[in-house]
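Look at the two complexes coming up: chain A is in both, with chain B in one and chain C in the other.
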Partner chain A sequence: MNSTLLDINAYSLGIGTFDGPIHVLKDINITVKRGETLGIVGESGSGKTVLVRSVMGIGPSNSRVQAGHITFDGQDITRMNDKGWAKIRGIRISMIFQDPMTYLNPLFSIGRQISDVIAAHERAAGQGISSKAMRRSRTQELLEQVGLPAPAQLFDQYPHQLSGGMRQRVLIAMALAGKPDLLIADEPTTALDVTVQAQVLDLIKSLVKKLNLTVIMISHDIGAIATVASKCAVMYKGEIVEQGDTAAVLSNPQHDYTRQLLAAVPDIEVTPARLLAKQAVQDVIPAPQKLLEAVNLRKVYKTQAGGEFAAVDNISLSVNVGEIFGVVGESGSGKSTLARMLLRLIEPTSGDIFFEGQDISRLRGEPLRQIRQHMQFVFQNPHSALNGRHTIGDAIGEPLRIQTTMSRRDIDVRTEALLDIVQLPKSFRYRYPHELSGGQKQRVCIARAIALNPRLLILDEPTSALDISVQAQVLNFLQQVRKELNLTYVFISHDLAVIRQICDRTIVMKRGKIVEQGDTEQIFLHPAEEYTRALIESGRVTSRAARLRA
Partner chain B sequence: MLSFTLRKLLTVAGTMLGIAVLTFVITNIAPGDPARLVAGPNATEDMVDTIRVEYGLDRPMIEQFGIYMKDLITGDFGTSIVTTRPVLDELLRYAPATIELVVVAMILGVALGVPLGMLSAVYKDGPIDHVTRILSISGVALPAFWFGILMQLYFSVDLGWLPVSGRLPLVTRPPDMVTGSLLLDALIAGNLETFRTALSHIILPAVVLSFPCLASILRVNRSEMIEVLQSDYITAARAHGISAGRIIAVYSLKNALLPTLAMIGLRFGWMLGSTVLVETVFDWPGIGLYAVSSALASDFKPVIGVTLLIGFLFIIANTLVDLAYAWIDPRLRRA
Partner chain C sequence: MSKLDQTATIPASFSERHAGRIRQMRLYGHMFRGSFSSMLGLTLVGIFLILAAVGPWIVPFPEDTLGAVHMGSRLLPPSTEHWFGTDEMGADIFSRVIVGARTSLWIGIVITGLGALIGVPLGIIAGYKGGFVRACIMRLTELFLAVPGLALALAIVASLGPGLTNCMVALAIVWWPGYVRLVEAKTLAVKEELFVESARSIGAKTPWILWHHILPNCMSPIIVKMSMDMGMAILAAAGLGFIGLGAPPPAPEWGAMVSVARSYMPDWWWYSFFPGAAIFLTVLGFNLLGDGLRDILDPRSRAR
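Take a look at the complex of A and B:
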């Protein structure tokens, strides 16, 4: 039974570009035996998705195999034609994907999509297509197998009518339609909410056991890999730098990169250093002064069906001068809407916002523009927050040009000083965003936000679009800047380990409401709500996996 | 879906009302005294006054508007000064020819534009893509009257394959009128010979009219298709083992068709408005010709009638497109 199912041998792949081929995969050697579960860990751009897509023959169209070969169940599939693939793709090797919304066709019903896959497999096997009713019952069987309730009704529903977790289950059902030997999972939980992630991972685990599947799972989340995979490989810049038993790799990493990666995962269990420091100087802290206050803030959207949906439902909060105020919640909980309302980027349906005691919820025109000098926003995705046609210097200087009467020379001087504050070389002024890495871009965004010496920064998931190793740097840097410039932060995140590390007080949001609030440490040590406990628990899985060696 | 349809029909009524009001306002803002125009250049002041009273032009504007709306609702479009026949009768006589021409041209445009757009997307930057690119650029660039005459010279005069102009030769007895479309009426009458003759007459004008429409449908379908083929759910369909042919013909086409449909709706209105040129070149007895000759004779009632009719057809076409949208895209269907 322990025969080799997949063998990747000295495999190198290049992608043709204008300046010649880029080597995206270099000398990959992986062997997967039947019944094994292999996890591949790596940051974005490390080549893990290209690797598994090559195994299915759906790699980038302009790629070329430069050396080595891939063998599946004794058959060389490195350069197979479409006819050969028709018997393998989706049938013997199948795949589940990252974002279940974009990987389901929005215009076809769930049932239609799955039964089409069944029909395609029957066609490939040359046995003739079974009747519609038979395919329907097989589809419902599959839907039931992945734990979806009421498969008969689900059959006629469309992807947009399902939640993210349900959609991912549908995709898994599609992947199981051909009774595959090998299942490839490409970041199957990344786009899902924390509480749903655990359920999907459990499902994959139970299917592995029940159907005797062999699995290759890609993830950047070490916790997910540790939950599912018995073996693991670490990828970095197109190479496998380390592989072996998951427990061994995580507890005793050999390669420098693996060590860095593990060390960069924020630890949810550790009492943050800032608390220890704070206790020492407790008596000098003056009484807290309110900087930003929101009272009964509501934002209601009209739904297509004519109903109403409260994205933010009656939220009141107050942020003190000099603190880091955390906002935690899953996607769709209303955190971003709340943040944008605080800055008046979105008009609240009702409620009041006070900044330094002044009611800003009804300001318009020039007064509103003036008040914005003092409060700035840092967006989640630095790749889309910078205009690709403007230089870094233009981007940082822009708020100065808009809000002040500084001369161009003064703006240039200030821009260089700001680059210095965010620890980037002055020469970056003349560069364009695409020449910078994600972490560098986020520093530029922060430099732009602090250009006017604001009192308040609202950071909307400032590190979630970044790789883990970069996240740690940016977080350290944010704390440093705050101290130097006397800033107050509203820090939004779905990652509880990060929140615990840096936030003084925190609110936990769910469906537009605050479910729990208070001192961050209190929330972590004694969560009062079931929901908060689930969030913390899922954070623990990742944190523990990265600290196996402790 | 039912309430969606009902809501759409309500919108049609509202838009029609808007068109009626706008048409009234524009004809009344236009300079010139309609009574004098009707009376002709040699009329005396008395005659002009008589006509003014007779047409109700001496009454207050709001009262005139009331009469205008009442007439419209009761189906009275007034009388043509030139032919002295009711405008409604004349519209019913000329409109079928235009509608037939536009529909045939639209069928041509869709039947060629969608597959060609698909092919050029699948074989992007290949020979087919280059040929269709030239085709679509010339489709938009060539003026209809020039292209029409060119086609007449080549296919009718040089080759003698197709008739130069008209709907039917004078010697052919038209089939009994049922739908107003000669093609359909000939089929209903079971007269294949007449059908063939009518078809040979409509080919050239329909090709000329459809050319720009074909070009834009082709381009929109191509770019949509390219985008859809790169989308995640197509990658997923491939990974699940669905064959390349089915992915293109079933999965991608449906998604790519949505923007193409919007283009079809817009182009339908555009064709109704631009049949004038084609009808003139091919001597096609449609509302385009009727509108131009009425406008040149300052015959206001027919012009208003044609405007309202084209507006109505345009709204109907776009409402059908909206319904098709909802039919294709489940996300648009509201409870």
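Take a look at the complex of A and C:
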């Protein structure tokens, strides 16, 4: 029962690139016993995906094993050929991936895709392929196993008809089709909403028990790992810096990096320091002054069927000078549409927007361009928000070149000053975006946004594309900048812990409508609506898992 | 914010400032050198360009390219004196082929240049504006694409009258629609990128966005298409020259030379063979170069 299933012994892997070989994995030692769940934590670029892909034999194309070997169930699989892999891959080891949509073929029905996998396994196993009806019933059995309702119906549906969480379940069903000994999950919940994340984690947990599966799960989210895994390993720059029982590692981290990682997880339970500080000086707060106001804002899209779909439905809100205004909701709740409408990047179907008392919803051309100096946007994904053909200096200087008549020299000076503010070295002026990490790029985006001294910043999930450790830095930094430059933020996020940490007032959105609004603490401590309660509860699951042991 | 750092740091050296660029170029060079066909294309195009640049000064019989007649040495086979033989006027074919490179280069540059000059702005505008403007531009483009290019060019030259300039104008007129198609498709993809929205949110005007954001990101496919089109344009111009609508006879144009040589086949084979080979090698060179450029510039086909 407790025999060793997977043994990675002193494994080192290098990738040959133009700049010479890069050592992606250094001296990895991992042992996974049957029935165990191992979580691998690390930030992006730490080599965790490369590691599990090498276990599957689908490592990067020009990689070379430099030392060590991987043993699976007593068999050395380090340098196996394709023929050998055909008997293992997908059958004894299977994998689920981060983004469920891109791994399902949109042209085939769910049932067809899973049955095909079953047929392929039977063919590889050398037995005859079972009949269509048998495969159908086996598929439905699998779909039921992963907790999908009405499998008979689902069989004939197509991937686009399912939600993200359901698709991830389908992928898990597909991975289970070959009755694998080892299941590898590569960030299985990262692309999902909080509520769905919790469900998928529960599912993995229950499958481990029911089917006696062995699971290796990788994630950058310690909370997710802590919920599922009994053992965990922390990876940093291609090395395992720490491993052991999850509880032990989390409660008593030995390595500095683990400690940093744990400290960076925002905690949903903690009363933010901001509030404690505020209570002390409560009586000196001046009467709030409205900076941005939206009245009955609506955006209606026409669907292909000819119907209408209100992405944002009659939303009214007002943001006061100097506050951080939170907008929270699941994906598809209309947060981003709302944010873009406030900046007039998308035209509202109806409703008015006031900025400092001026109605900007009808402005066009030059006056609109002028008003944009005062309100800026920071996008969710810093990787695509910067033009890859411009240097960082060009990117930060661009707003100045467009909106002011400053000379080239003055712009250069100001650009360097801005780089200073966002705590990046001045030499970054000459770099290109692809040379920077995600956190650095987001800093550049912020520098670009504050270049014109705006009054209002709208931040659309500014940290969700970043690692947790980087997220903490960026959040701290955002608060710092706000104090220095006297900014007002509209902060959009799906992460409740983050919202609670930094926002003064919050609205909760669902399907284009405001479900609940008010003081952030009030909402968290006494949620009035069922939906808000569910949202907070699911946010708690992972947050608590990471904390409980701390 | 007020404490602006007035002392801008001393500008770094050129290689420091452009370290990223230089690395990128070295990577491109490395990948390009790894491919035999790309290098072959580059070599052929290189030779072609050198000949076009210095041709008139290195050929053994420069006066032959201007229409000199040596009745004593008509239709001589290749020899040490006349490497490629002589034509029916006694002119040295080697000299005429070499000098013809200049004409062909000029033709290629003018046609692809004019084509891109008309097509790229139209394509960017069509892709970015969308709606009615796009419909107009694209329908017009399709109108041109519906008629076979060479046939349309033929009709245009016939109405303008034969001659090298008219030939180039006609080909440029049928050449631009390809660029509109290419650039429109690329623009549609690029304009959805966040950085375009980001530029809009800082108050950039449309021309600024088109020039600074859309165009640079459309450049790689344009460069690839232009390098491939160079060959095709030379071929098309040679085709028009072959049916007598290109450069008038004494001018050393490859298509026209093959055309005259047609009546001397097959006994005086060298007369048509060498100009034909020149067309072949040039077109091949540009096509291989274009393929090679596509391989290194198109990220999808790139194996990091």
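Just so it is clear, the second predicted complex is superposed on the first by the 544 of 550 C-alpha atoms of A that agree within 3 Å, B and C clash if a C-alpha of one lies under 4 Å from a C-alpha of the other, contacts with A are read in each partner's own complex, and residues count from 1 in each chain.
Definition applied: a residue touches a chain if its C-beta (ideal position, glycine included) is under 8 Å from a C-beta of that chain, and two chains touch if they have at least 3 such contacts.
Because the structure is predicted, anything quoted here is derived from the model rather than measured.
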Fit-or-clash call for chain B and chain C when the two complexes are aligned on chain A: fit
First (chain B), second (chain C), both or neither touched by A:477: neither
Partner chain in contact with A:354 - chain B first, chain C second, else both or neither: neither
Chain B or chain C, by number of chain A residues touched: C
First, second, both or neither for A:448, with chain B first and chain C second: second
Contacts of A:420 with chain B and chain C, given as first, second, both or neither: second
Distance in angstrom between the closest Cα atoms of chain C and chain B, superposition on A: 5
Chain C-contacting residues of chain A that also contact chain B: none
For the chain A and chain C complex, residues of the former touching the latter: 17-19, 61-62, 340, 343, 345, 369-370, 372-373, 376-377, 379, 381, 384-391, 398-399, 402-403, 409, 412-414, 416-417, 420-421, 426-427, 430-432, 435, 445, 448-449, 451-453, 484-485
Complex interface listing, chain A residues touching chain B: 56, 58, 82, 86, 89-91, 94-95, 97, 99, 102-109, 116-117, 120-121, 123-124, 158, 160, 171, 174-175, 177-178, 304-306
Residues on chain B engaged by chain A in the complex (per definition of touch): 231-233, 235-244, 246, 251, 254-255, 328-331, 334-335
Sites on chain C touched by chain A in the complex: 1, 4-6, 8-9, 12, 16-21, 23, 26-27, 30, 193-195, 197-205, 208, 212-213, 216-217, 303-304
